[in-house]
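After the structure tokens below, expect a handful of questions from me.
Labels run A, B, C and D following the written order; every chain starts at residue 1.
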């Protein structure tokens, strides 16, 4: 693979992050960011085994210095490559506690892990994406993963929803500021349980096949968003299993 | 082409309808519905020239008898084929008049041309789509084209917005009723001017390249929606040029 | 009562319409429009018994001629009075049928009873409201009653939601066109069961006190909206019982 | 005044906070929270001069300890009174910088000043409001002030919108968790410039009378929300000048 461009995915684990990384690795070298190396090590191996190129960097997106260090490493590791796509998939702060049991730390964890994380990641990637507008194969893209809680504040989800609403706010702002400069910012609303090992036992939507979202389908949707031409940018894409109540 | 499945597109002209028909015709025989044969004749020829199969039927989707007659013709013409995808792209009733200059006829034209049209088309296609859930290559799909006016009632757009909001309401209702039965209903919001011969002179968004939506990109998005697996159904997809104000 | 101004309420029955009429009758003569005289006769009596002035006119707001005739009657009956407030509370077309059991007539009943009704009513009242901007005690007001189905298309509610979404679209358009001319257009979303004789047996939200909306509280909210000064216009007000799931 | 109940307003200055405090002080003793005493001192005097009771407490709602200290002071100053209404009107973090010029501190200032501030304020007030449900004259109420940026992320407003979206998320979550327990949580969207000394020179909406929102009208709307009975709770109320573009 001799792509002049690379992709970076922040927040990789067993679900969306891994699938998106594998998908984009079919075209680009991919940088994987996660706090713990065990979150990305096996994915890096998987990509390499498939003939792709991948780099994992231990990064806490909520920590500015950590993000700056990660992008310094990227610049050293991929000195001649430009950024084609950045995916922010980090998510944290779902305490599932009743409001009066939540602590300020629970609440800040969500605000920082979700919103400040995107802020830091976007400040690192937007300049790189802007620098790619003239020659990238597809419009340079920042895709942000949201959830049901991005558009609905439910009882006991105040902390998580606060972070997710804030992420959506920032995504809209970035789309409106940088879309006219040629960078595609998109926000997805993943409304359902993702089918990963950890959720195998979850009995949702009756429990039949396809009742949980296939992370491979999410990866396909992110690739579709990435390849949209600039005359046709989607800002928001929702997705849910066919039998999800909504 | 020996597909056991076909697609039907209601509302074809120079823009979205034509592009979607050409796209789906790469896989399925396509039936084109429009009031005037001159709206579909050249597209039928285009599809045939490319080796596909196409049938045009003069149909007014706002008229129940006309819709029933069209689907009777389809049954006769394609007796052994099942419906894989239905696209409702009809749109009418944009008087652009101030409210006090609009007539009840203007208003009803929009309600009937948009909402009743979808009602009739959905009553004809939903049973056929339900019959395809067990064996269609992709989840049987009804895609409905919306516009900015689907989500925003602007001054002087009361008639058009009324019809478009109603279409969105019906699309949501259909998605919630028939999604759990395996039919994918999706609604798009096309927010911008489509780049077709009629709009060549429109100077929008500064007038540069890609300032109007490429109808080919819309077709790609409809095909993407059609091919989503049933664990990952999108209900609503918005799209606009990178430099559109919104 | 010697008010120079009057109010008109379209769609009166046992719930919102009656309560709003009683409330506004404390300040203005009130004209009540309903298809059947039995819908307004007792309310007219109630208002008169309380020392107010009321006129009932049999009117089908979905029928333009009927609306024109009603406003000709109003002009004759109240020749020296100007319109301060118009309330559109008509609602119809809730078949509660599954989509495939709905008929085109069901669907059109909702489109016409809701959306065309508002269109006709607004064309009759907006000119009168515009004529009152200079001297009415409060900004002349058009208030439109919506429902949960105004913002959500649920399974089996396609017909009703289509009409209600269309009403909301038109209300937004009117607000944006006539707000800057001094007419206040507001749309409410009544999300819950209204506490009227017909719903006494409905066991909603656990069935305890206040589990259904007090129509008197709705009337208070409409009066509040009417009395907002023009520097502070509300477009949309939602309301539901404290224990309603939403 | 011998009210058994009091109100607390967080975030008082020349606009909404002052007007709301004056309005609620006609019925309840009012506690004013602001970081700087000069923000509330004159309002406290105004309320006292009008025969009301008011206490100002220097408080930073983004700081948990400061909030806890304020409510300890309130308990000491008003030992026999229960909380009827709490208004969260604090707002900060509008840097108006382009995204790439914003600092993590700008962004966190908005997240903390808006969202964490509400979190702390709600954790202090919700238990007090719950304790008032049985005997307060109106359903105990938490009203939260939002802005255009609560529902729209505009270019260069990413920091402010992130904080405001998060506030709305938390408000919705609180409404859904504590509404069924009898506490009314409402969120307002103030969409326009408020008419205060600082904005006198702003030439908005053509500059004519009523082109900026009268803070007295906002106070009336908050009082209206507070007095809604529990069968009729409004979650969200938007407001803007009659000639505001939206």
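The rule is simple: contacts are C-beta pairs under 8 Å (C-beta built on N, C-alpha and C of every residue); 3 or more make two chains touch, one makes a residue touch a chain.
Not measured: the values here are computed from a predicted model.
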>> Which chains sit in contact with both members of the pair subunit A and subunit B?
In response: none
> Which chain maximises the distance between its CA centroid and that of subunit D?
Replying inline: B
> Taking each chain's centre as the mean of its CA atoms, how far is subunit B from subunit D in angstrom?
Replying inline: 46
> Taking each chain's centre as the mean of its CA atoms, how far is subunit C from subunit D in angstrom?
Replying inline: 31
>> Nearest whole angstrom, what separates the Cα centre of subunit B from the Cα centre of subunit C?
In response: 34
> Can you list the residues of subunit C that touch 2 or more other chains?
Replying inline: 176
> What topology does the chain contact graph adopt: line, ring, star, complete, or other?
Replying inline: ring
> Pairwise, which chains touch?
Replying inline: A-B, A-D, B-C, C-D
>> For the complex, give me every residue of subunit B touching subunit A.
In response: 139, 176, 179-180, 182, 184, 195, 210-214, 217-218, 220-221, 224, 228-244, 246
>> Applying the document's contact rule, which stretches of subunit B touch subunit C when the two form their complex?
In response: 64, 98-100, 102, 104, 107-108, 111-112, 115-116, 119-120, 122-123, 126-127, 149, 152-159, 161-178
